[in-house]
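Have a look at this one.
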Amino acid sequence: MSGNSFGVIFKVTTFGESHGAALGAVIDGVPAGLGVDRAFLAREMARRRPGQSQLATARRESDAVEILSGVRDDVTLGTPITLLIRNADQHSADYAALEEVFRPGHADYGYFCKYGVRDARGGGRASGRETCARVAAGAVAKMFLRTLGVNITAFAAEIGGVRAETVDVSEIERNPARSPDAEAAVKMAEVAAAAAAAGDSVGGVVECRISGVPAGWGEPVFDKLDARLAYAMLGLGAVKGIEFGDGFAAAGRRGSENNDPMSPGFTFASNHAGGILGGISTGNEIVFRLAVKPTPSVSLPQNTVDQAGNVRQIRVTGRHDPCVVPRIVPVVEAMAALTLADFALMQRCAKL
Amino acid sequence: MSGNSFGVIFKVTTFGESHGAALGAVIDGVPAGLGVDRAFLAREMARRRPGQSQLATARRESDAVEILSGVRDDVTLGTPITLLIRNADQHSADYAALEEVFRPGHADYGYFCKYGVRDARGGGRASGRETCARVAAGAVAKMFLRTLGVNITAFAAEIGGVRAETVDVSEIERNPARSPDAEAAVKMAEVAAAAAAAGDSVGGVVECRISGVPAGWGEPVFDKLDARLAYAMLGLGAVKGIEFGDGFAAAGRRGSENNDPMSPGFTFASNHAGGILGGISTGNEIVFRLAVKPTPSVSLPQNTVDQAGNVRQIRVTGRHDPCVVPRIVPVVEAMAALTLADFALMQRCAKL
Amino acid sequence: MSGNSFGVIFKVTTFGESHGAALGAVIDGVPAGLGVDRAFLAREMARRRPGQSQLATARRESDAVEILSGVRDDVTLGTPITLLIRNADQHSADYAALEEVFRPGHADYGYFCKYGVRDARGGGRASGRETCARVAAGAVAKMFLRTLGVNITAFAAEIGGVRAETVDVSEIERNPARSPDAEAAVKMAEVAAAAAAAGDSVGGVVECRISGVPAGWGEPVFDKLDARLAYAMLGLGAVKGIEFGDGFAAAGRRGSENNDPMSPGFTFASNHAGGILGGISTGNEIVFRLAVKPTPSVSLPQNTVDQAGNVRQIRVTGRHDPCVVPRIVPVVEAMAALTLADFALMQRCAKL
Amino acid sequence: MSGNSFGVIFKVTTFGESHGAALGAVIDGVPAGLGVDRAFLAREMARRRPGQSQLATARRESDAVEILSGVRDDVTLGTPITLLIRNADQHSADYAALEEVFRPGHADYGYFCKYGVRDARGGGRASGRETCARVAAGAVAKMFLRTLGVNITAFAAEIGGVRAETVDVSEIERNPARSPDAEAAVKMAEVAAAAAAAGDSVGGVVECRISGVPAGWGEPVFDKLDARLAYAMLGLGAVKGIEFGDGFAAAGRRGSENNDPMSPGFTFASNHAGGILGGISTGNEIVFRLAVKPTPSVSLPQNTVDQAGNVRQIRVTGRHDPCVVPRIVPVVEAMAALTLADFALMQRCAKL
């Protein structure tokens, strides 16, 4: 669970730079005997793939996943599963002008201070492209969770100030905003397009709902289920906040209002807690929401400095998403799946 | 970084139940040669100690910390530092009635499902009392960070809907609310008292500001600095959300507004990002805010069920904080200190 | 599994210096619902305790273990179990003369170079006394393994050149050498006594046999069962070598001789491999042997240097075992138990 | 440090089956700014490659390493370095007959019991071919250690009962046995050839010597330097034992003989300890020896059982090394390099 690895038992390590040869993931700890659904893996990759709509970058990547190890005859062997995605459509020339400049809102300066060297092309390791390896690994985690009845659904709850007022899960994949509200989806696309036309970008909110998790998953005291989900989600560069259940709204409530009373059958009359109490799942639906910042790469002119500290004005002219929300939705699901797969296995060790 | 341990190099393991013999922490990875300031340790413990005001539980604990290992003549040896806090004022009888009942808003049901057994007295391991071990360990982390010029300050930004409108850091420890706004502090105490009088409780928001962190701390891709801080903070049972910098407000902004332009001297004209970009510190002040839920233990009657699934009505009559915000402030600082101490050491390994 | 922690799921962290306030262990990951046998714990501690015979140091320690957390009504809660052993009989004055001198055969110089500071009293953290925490933790691991039918027996196979020619397990605890051969035990005691009389010490070989481990425990590729056992055993300062099954003798054999043929019932006609192949248990008895060096603390005069690099002659006059083999036997069992308990839990996650 | 990952800071994860698409390694934690010497990497791979002499299998593999990430313009970026080696010369048909049979001396039965499924072709993940990923990763570790002046040399100390009587390091790579004694090398090749002609195999002893490690590397108490080296070496399927310095011979010595006296300049008059005391390096040369078992794959007929438990007689007719010692030499060096690189970085965190 450090650096480029995630998880304790179901453990994924990702690698790759945006404009390097390839990206990928090694997943250690996948139980043996799990069926591998290659069509599902391809569908998950397609959901994250760029170039699908006006909300997303025009970079064209096939994002085909080659399974290098750990699987034979579409069944997992218990050994590490390696997923490889070759980079294809690299317009590194777009970034030549940026080699010496720190882009506002990006990790450029931090990486430079950290390592002394950096791969500025496309953001290198800090690029959103890195998340394709997470989606691939997350697809395997979903295959495992499916055997346990766990289902994860994320969607755009808000884009550019436009909120989804209703939640129709079947609607999500039908519109480019990944909004569960078809009407809101149209407006979301409009505000994103308007921002793009102005050389700018918009942010939004992603909501994630997870059903089928039994009561009892999560570890005291540091590895609380919500702590690990927060760790997973803030591990996405565009995410600036997370709240579970009523979240920040709960800060203004009284205890008697905020508690979720239990009923016979060990069910709950409400779900202010978002399905987690004291870091342990309650059996209620797990619900969290993420603040997604507007894409920092905008073509409007911005002031910054270069490595020598000189003032520079730049326009970031590569291919970028005017709003990252729709494409981050499958990544959020993937990270949730990786987290839950780990806890599902840890729970096997909780009792005598 | 799993279960009851936190950190990769500067690594703390905590132990103890609310009504067991003792609580404590073992810290592995503290550099040798660090001076141990016992007076400071005692002051930090005092900040978290219950029974100090009407906002806090009346449980009386001296919370004296015995250092069992790793220190000789007030200098660290490089070996594990063990900090022991004996439990004294246990009113376990208060909990006898709760042994078979699941308190609303608590981890009781989750623990029962997880382990099949539980120590219901005072919440057992899920009690807020567990955090005294974190504060003790955090004090050591602060001693280390002090040598690096890192300073951490948390405070009550909001209690029961009352917000601090100004931030005067020198004010924080002068009022029982730990508000940086003396006027707001008075109102915060009033709303908390009113809730307590009604057998109820209130929530709030804690803000934390960290200065002195140089650019370059944080690890790609999963161990982002904000990801690990989020993991640290959501590891507190009362915390239901976190946001960095503008957080959820950034979701409604455009990229050109949200980016923080860099100026000569590698400074920033604004700090919408909260001092972290792409998971790496920028050298700007680190700022985050936490949603703290109202204390679930309220003396108003609540509906729930017992272990057999029968409907029960309970009043939680133990000694509880009407608002946990003031006492969680030093805990938030402690967790931030533990996180940053770990990253400070990891950064020693980043470059050739 | 780094520094002062051992294990992945069943994870123990030990702490304490020889002449500090206390030593102890925190065990995280013990399954909930395990019965805690306090009498057994006390017996295990007694087996390692000094002052029991002429082969062992005269230091008198009660080595009473206080259970601080994780257990209620003698049943494990699933939370960390903390075991505390106070130091009592500290003759720190014995070590005053050694504060500035590096004892031959000890870790003194290495610790000084590593940390720049050290606690020279009794070897500090490098003292064999540290192992009492391991025995306490190992006793809990044994309680868990007992529920799985796993049994661990170590004994003195050789002391001061005297070998046990027969293995009668019931004999081991009946003689101070912990030899499984009563006749050899007498001679072992004699050679140790003779060395002690000469101000010297002797080494030996410990053998460990483990029954009841089913086929399939161990993890490819780095966490092989034998790799982790070797890691556990070489983690004892006095151990300079380990061999599994025929070990170094196998180096001189041909493949056709060294292979253990399988028979119906998945049994083996021989056990040259010592019960582990490719790092995975075969179901056969696990057998390994350890080279234990002679105690480096001898009262004969020895040449060395002090911290300033000046030549010094010393006689180590503290209380020391003339042969560490008998007292290391329960420590070896404890480390084997901690290792196997971890693999037993990991195996729960191997298959769908 | 669990399963398929090795190391705490300098951390390598390997993947791949013998007859799968590829093998490889991801190395996380390599300091940024390290020059990557591709010619050296190729040479190291060539040392392990099969088909080089009569002592080795005839399997033909180019073992070309593709660097997929973490390096730009031959300088490390601080991000994970991925090394990919495609499998080429798979004679899976050789193994068709073995799919249902457990080969004596192999991990087949253990894997089957562990996972319920297995890839029997070439041993799958348990194949010695897996070590090519370790050699690739180890080459990077060596590049790092070179900057610190650490040098690692392993060689065949014994093959088929023939011992190297002299150690001329310059001789090692000049003979197919990797013997440091040219005369012994001839005899070693003869005994291996004789065994091969008889459809059999021989074992041997590998010795490893490491110079340039300063005093102070290693971590108390579980992560002793020798403990981690033992863990690294026993993680090789063919290794059945390890001893440091005088090892098992020390068991027969007295303390006064076995201690290494220190002299001015903090040097040692002898090196019975093999350069490590109490788990910490002393500055003396690190020396250890490994028991390598004879290759279990022999073409002589052997009795065994199949998955159904039926008696079977098999001849293992794939391409196998009559003696694995020469080819394991570079693997031993690689594992030593990975271990030491990790400790070199950990030592950066030891002092204030």
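Read from first to last, the chains carry the letters A, B, C and D; within each, the first residue is number 1.
The rule is simple: a contact is a pair of C-beta atoms (placed from the backbone, for glycine too) under 8 Å apart; a residue touches a chain by one contact, two chains touch by 3 or more.
Nothing here was measured: the structure is a model prediction, and the numbers come from that model.
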| item | value |
| --- | --- |
| C-D or B-C - the one linked by more C-beta pairs in contact | C-D |
| Recurring contact interface, reference A-C, options A-D, A-B or B-D [over half identical by residue number] | B-D |
| Distance between the centres, which are taken as Cα means, of chain D and chain C, whole angstrom | 26 |
| Separation of chain B from chain D, taking each centre as the mean of its C-alpha atoms, in whole Å | 46 |
| Interchain centroid distance [CA atoms averaged], chain B/chain C, Å | 39 |
| Chain D, residues touching no fewer than two other chains | 3-5, 8, 14, 29, 32-33, 76, 78-79, 114-116, 125, 220, 346, 350-351 |
| Contact footprint of chain C on chain D as seen in their complex | 1-6, 8, 14, 102, 104-107, 109-111, 113-116, 123, 125-126, 130, 158, 160-161, 195, 199-205, 214-224, 226-235, 237, 240-266, 269, 273-274, 276-283, 291-298, 300, 302-305, 309-311, 346-347, 350-351 |
| Contacting residues of chain D [partner chain B, same complex] | 8-9, 29, 31-34, 76, 78-79, 144, 147, 220, 345-346, 348-352 |
| Parts of chain C lying in touch with chain B, wherever the complex brings them together | 3-5, 11, 13-17, 20-24, 26, 28-29, 32-33, 66-70, 72, 75-82, 84, 114-119, 124-125 |
